[in-house]
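Labels A, B, C and D are assigned to the chains in the order they are written; within every chain, residues are numbered from 1.
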Amino acid sequence: MSNVPVSAFLALALILFCIGLYGALSKRNTVIVLISIELMLNAVNINLVTFSKYGPAPSINGQIFALFAIAIAAAEAAIGLAILIALYNNRKTVNIDEMDQLKH
Amino acid sequence: MENAWLIPLFPLLSFLVLLIAGRRLREASAYAGILLTLASLAMSVYMLAERFTKPTFKSESVWLTIGDLKLTAGFEVNQLNALMLVIVSLVSFLVHIYSRGYMHGDERFPVFYAYLGLFTFAMLGLVLSPNLLQTYIFWELVGLGSFLLIGFYFYKESAKHAAQKAFIMTRIGDVGLLIGMILLFWQTGSFEYDEIFASVKEGAVSETMITLTAILIFIGAVGKSGQFPLHTWLPDAMEGPTPVSALIHAATMVAAGVYLVAATFPLFAASETALMTVSVIGAFTAIFAASIGIVQKDIKRVLAYSTVSQLGYMMLALGSAGYVAGVFHLMTHAFFKALLFLAAGSVIHAVHTQDIEKMGGLWKKLRFTAPLFLIGTLAISGVPLFSGFFSKDEILVAAWVHGNKALFWLAVTAAFFTAFYMFRLFFMVFAGEARTHMKNVHESPGSMIFPMAVLGVLAIASGYINTPWFGTFLGDWLVEGNSALGHGHVEGPAWIMIVATLVSLSGILLAYLIYVKRSISRDWLISRAPLTYNVLRNKYYIDEFYGMTFVYGAKAVSLFLRFIETFLVEGLVKTVTVFVQTLGKTGSKIQSGQVQTYGAIAFVGLAVLMVIFALTGGYL
Amino acid sequence: MLSGEFIAFIGLALVAIMGGVLLLNLTKVVHMVVALVFTFVSIAGIYVLLSAEFLAAVQILIYSGAITIIMLFGIMLTKHNDESEAKGIGWRKILLFLGVLAFGAAVYIGIYDLDFTSETSSLHVKNTEQIGLALYSDYIIPFELTSVVLLVTLVGAIILARKDDNGKEGDKE
Amino acid sequence: MNESYYLSLLVFSPLLGIILLAFMSKDSEKSIKLLGFMATLPPAILALMAYVSRLMGKDLADFSERVRWIQFGNLPQMGEDFFTVYYELGIDGFSLLMIVLTAILSTLAAIASFHIKKEWKGYYMLFLLLEIGMLGVFTAQNLILFFVFFELTLIPMFFLIGKWGFFEKEKAAYSFLIYNGLGSAILLIVIMVLFARTGTTNIEALKILVNTANSDLITPLSDSVKYGLLIALLVAFGIKLPIFPLHSWMLRVHVEAPPSIVMLHSGILLKIGAYGLIRFGMGIFPEQFKELAVVLAVLGVINLLYGAFLAFIQKDFKMVLAYSSISHMGIVLIGLGALNQAGIQGAIFQVVSHGLISALLFFLVGVFYERTHTTDISKLGGMAKGMPIASGFLLAGAMASLGLPGMSGFVSEFMAFLGLFEEMPWLAAVGTLGIIMTAVYLLRAVLAITYGRADREFAGITDLRSYEWAPVLVLVGLIVLIGVYPAVLSEPLKSVLLGLGG
């Protein structure tokens, strides 16, 4: 049954995570950055679900975790976007380069 | 002889007393100096007399402990030491007296006497030293005395340079001595002369080591005795007051090199190469300095070059295994050269110039000085019946017997030159008419004449203690009980004496013809061989050569190092500074306030750490 | 060897990765978001392969549906200057790319031969029921807390996104 | 006599002066100077008493004192000394000499400080603090205490240079602090590694623990770790000494600091480097030190020649002396590199002797500067005319420095070379070039100042004043005493040399 090795799922998760990471750290558009973060969360979810099936102690718990993660991710996306829009209203930009208030 | 250690202490006392109380004593300082030196002289004479009957006395105690090593200090009275004690204290005593007249009126009169005391102390200490280390210590102190006295007229730039030059050039030699001494110490385990000689005799030291150390010690002697190639300081040292020239740069300190070779003679005798080196350097210096002496115009410089030349003679004698000849000439030379210098001082005192071109016709005006100067000149020229004749003859015999005929003929030629330039000097100063107008030429005071008279007597008489005619007392006594020093008297062919006489007489004759009869033009050399004349006049350009090579060499090295200092060392520091500053600037640039950048950097750091862990296997 | 499951996995994985790559390389923001929808859907497929049917459904609902829509709204509510994305390849991007590669490689070393000899699981049997049971028994408290979080999110989002009448209140420096 | 507090009393006695000074009014110049000077007397007297009692045959171990100080962790099963730092003071022959030297030089430098022109109160307080630090460094029996005192010397020194120095004083102070801070950071690493590995910082205990195979360490010290530690020590103390190419800070300090402070700096603080190398480098890692001896000797010769050649072309007399210090520290290294009894004793002698000589020379620099307001060689000249006594002493100092027999410089130089010639004759032969160069550069500088034609009027320039006589006479006296009768130093050193296995 398990002719797809565990490492293949993990590798897929890793690749997606890396893409998400790269996107999150390099893109200038704040929306894309938020989406990249969603992608990273997804990669993590793949891991959770994989281990819930093929892990050393398979159980439903992994899927539950993934569920929670999705819920929180949805909340995060909403808040993130809200902040983005608030910021946009103030500064008229979504370019992340110009958000440097931390410096001051 | 147990009290011989007191001898150097009298002059030291004089030094200290005059240093502290000199300002109050003013010219009375002279008496303190004279009395204390007299005490030394008296004790020295007593020691010498005692040494005729008693064996060598040596006493030592520990000076410095280095872990298990014990270095000693003490004193020794053997034949050579006893003889040197008398020579040194006698000349010093006479110079003390003489200076009272010569230095009269100088504002630093007490200082002068203090320095004289210091020098005499060091010289006597040197003579009494029973080991190389102590010799070295006093060797340097003697150099200090010489340095201080050359630079006595400190406000003259030339005196400053002369003093500096003297100190540094002799120090170059001293380093040779130091190395040789330390090498010998690790070979033989001792600085003591007798222990070193014993192990050399037993063959405990390899042949090459003996040669090496002997030559290194000889380098020390070369520096002190103004032998080629370290001779240039000695003529310059004439910047010092004339009594100093007589004491230090004629009779005692410069002879210390010869004394050192004589004192370590068994070491040299064990190595043919070392002896050869000594004799070749000696012979070369003798003729070399004599040739320069021919054209010099400064009365003291002529005498200085003659000193260099005569010291070369002594070295030649020692190198030819003529221990007695060397020491004998050392003694006679001390007397007649001191006489010549004192007489020259008396002349300078009278006419206030040192240029012999400006003198002339002084024979009648200086009733006492002139004959005394003549005695000295005759003695140094090797005219029979004067002391120089006997000692020079001994040297020639030794050179002939030792086998190197080329050196022998060199020595004979040098003798000819000596006779020629000494009489050139004499005739130019005393004969004929005054070449410039001299006011107030007056004979020197008695305090100056008396020492000269004593030395005059000695310049004649001292030769007779070691003659082929009446017996070689000195020689026999010197080598008594020590076979390593060679024979007391070396038999040579009788014609050598005749040749020597002829050579010196012909030199005198030539000088007479040129400078008195004027049957040969004075400008003969200038017109015939201007190049040779110029080379001689400029002392073979040795000073210039040293200036170009060593002085500029040292400067160049220094500048090169400064280059390193500014660019390498400081550059290194600058690099570090710039690096740190750049780091700081980059760091503050990274603080852009952009969360994304922060994240990126933090992440890259994490990645680097992970890679490191993965590679070192610390992962999992 | 080439079982149907494997082929399905390869296909889904390729689509997911392609979506990610397109996300990085497209220039228009809307296109990026759409590219990502492919990824989300393929991930749902992966979930099915991993016997998590309920999760797959949730994935499609939340990600492909809700989140993507929110993002599109976000994009539409703001102005986008696409050229800013295309501004050359700076040193930072290269460094970051290398860092990501290194990170990936380092993690890959850890996972490439990972295999657990696990007992057969029974997750695919009544998957939704299993989740439901677990959620309302063991995970009841986290579940309730999640709902609180969602409520807070709701309120917070509204407050944040509300147009500020007082002008520049948020512009504190 | 109960000496259990003797050393503490000795080390902290300047504190009394600091406290008294704190109550003085800022402007009463005369009494501050007098009090500052008086405050240096108690340690000097106590140090001399200790020295005398050593000569009387007293065992120096009687002076040791030991009080529990800091406890790190609580591991009773390893014994109660484990990870405990004691406050422990003690002396051996070498440190006794250093203490006497420190105490005497401090007193003399306090006299030299009469030339200071401003803020005497702060100056003397820092000065006394510095003295506590220096005395402490030489009495500390464990590394942590040593480090504390070592740092205690840095801070007062920083302010003394930075506030009372010449033109570029701030820069000099900073480079002093940065270089020495680096050095002490490295030193701290070494100390901590040793402490962590052995559980003790007591020097005697470390000597045994580090060098016994299978000794009961937390983790055994491999040979490469020992090498690493020794090299780190070499760098740390090499900065202090200083060893080429870590010397540039020291030139600035010598030029910019007030002469009275340079007396102490050149006389004592540089010697801490040598002291540390001998005490810790050679003491704790003897095996490794032997291997590195050649390197030390080579560095020594480089220092000697490098300093000498650069001193030759300097235009400022203070620079000449600064480079001469580098050159003379080369002799210390040469002696250490020889690593036989003669060499080590030579190095220790050189430490003491150079301390006295450079103090003398810098004191005279201060004297000349006070009257002429320059130290530029070309602007001075013919000073012997107007200031014969000061010039005479300057010449005497130069002679001592260039190793004239009968003065202390010769004895140390001679022994260092004697030692090196036994081990590495060729290197030593190269090194002797330094002896010649020393004479060359010192005479060039000193004669240019004292001899020759005087370009200035000497009206109003006084020769040595009465209070200036004391330091000069004491220093020259000590220099000559050591030169003529070296047993004053070699006697207390006997046991030290045997201990170092020479």
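One rule holds for everything that comes next: a residue touches a chain if its C-beta (ideal position, glycine included) is under 8 Å from a C-beta of that chain, and two chains touch if they have at least 3 such contacts.
Keep in mind it's a predicted model, so treat the numbers as computed, not measured.
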item	value
Most contacted chain pair (by C-beta pair count)	A-C
Cα-centroid distance, chain B relative to chain C, in whole angstrom	99
Length of the line joining the C-alpha centres of chain A and chain B, rounded to whole Å	94
Interchain centroid distance [CA atoms averaged], chain B/chain D, Å	38
Distance from chain D to chain C - Cα centre to Cα centre, in angstrom	69
Of all residues in chain B, the ones touching two or more other chains	600, 603
Multi-partner residues of chain A (at least 2 other chains)	21, 25-26, 97, 101, 104
Multi-chain contact residues (two or more partners), chain C	92, 96, 100, 103, 107
Chain contact graph, described as a line, ring, star, complete graph or other shape	other
Pairwise chain contacts, counting only pairs that touch as defined	A-B, A-C, B-C, B-D
Residue numbers on chain C that touch chain B, as the complex places them	92, 95-96, 98-100, 102-103, 105-107, 109-110
Chain B to chain C touching residues, read off their complex	597, 600, 603-604, 606-608, 610-611, 613-614, 619-620
Residues of chain D touching chain B in the complex	244-245, 247-248, 306, 309-310, 312-313, 341-342, 345, 382, 384-385, 399, 404-406, 410-411, 414-415, 417-418, 421-422, 425, 428-429, 432-433, 435-437, 439-440, 443-444, 447, 450-454, 486-487, 490-491, 494, 497-498, 502
Residue ranges of chain B in contact with chain D within the complex	63-69, 133, 136-141, 144, 151, 154-157, 159-160, 163-164, 167-168, 171-172, 175, 178-179, 182-183, 185-186, 554-555, 557-559, 561-562, 565, 568-570, 572-573
Chain C-facing residues of chain A, complex	1, 3-12, 14-16, 18-23, 25-29, 31-32, 34-36, 38-39, 42, 45-46, 49-50, 52-61, 63-64, 66-68, 70-75, 77-79, 81-92, 94-95, 97, 101, 104
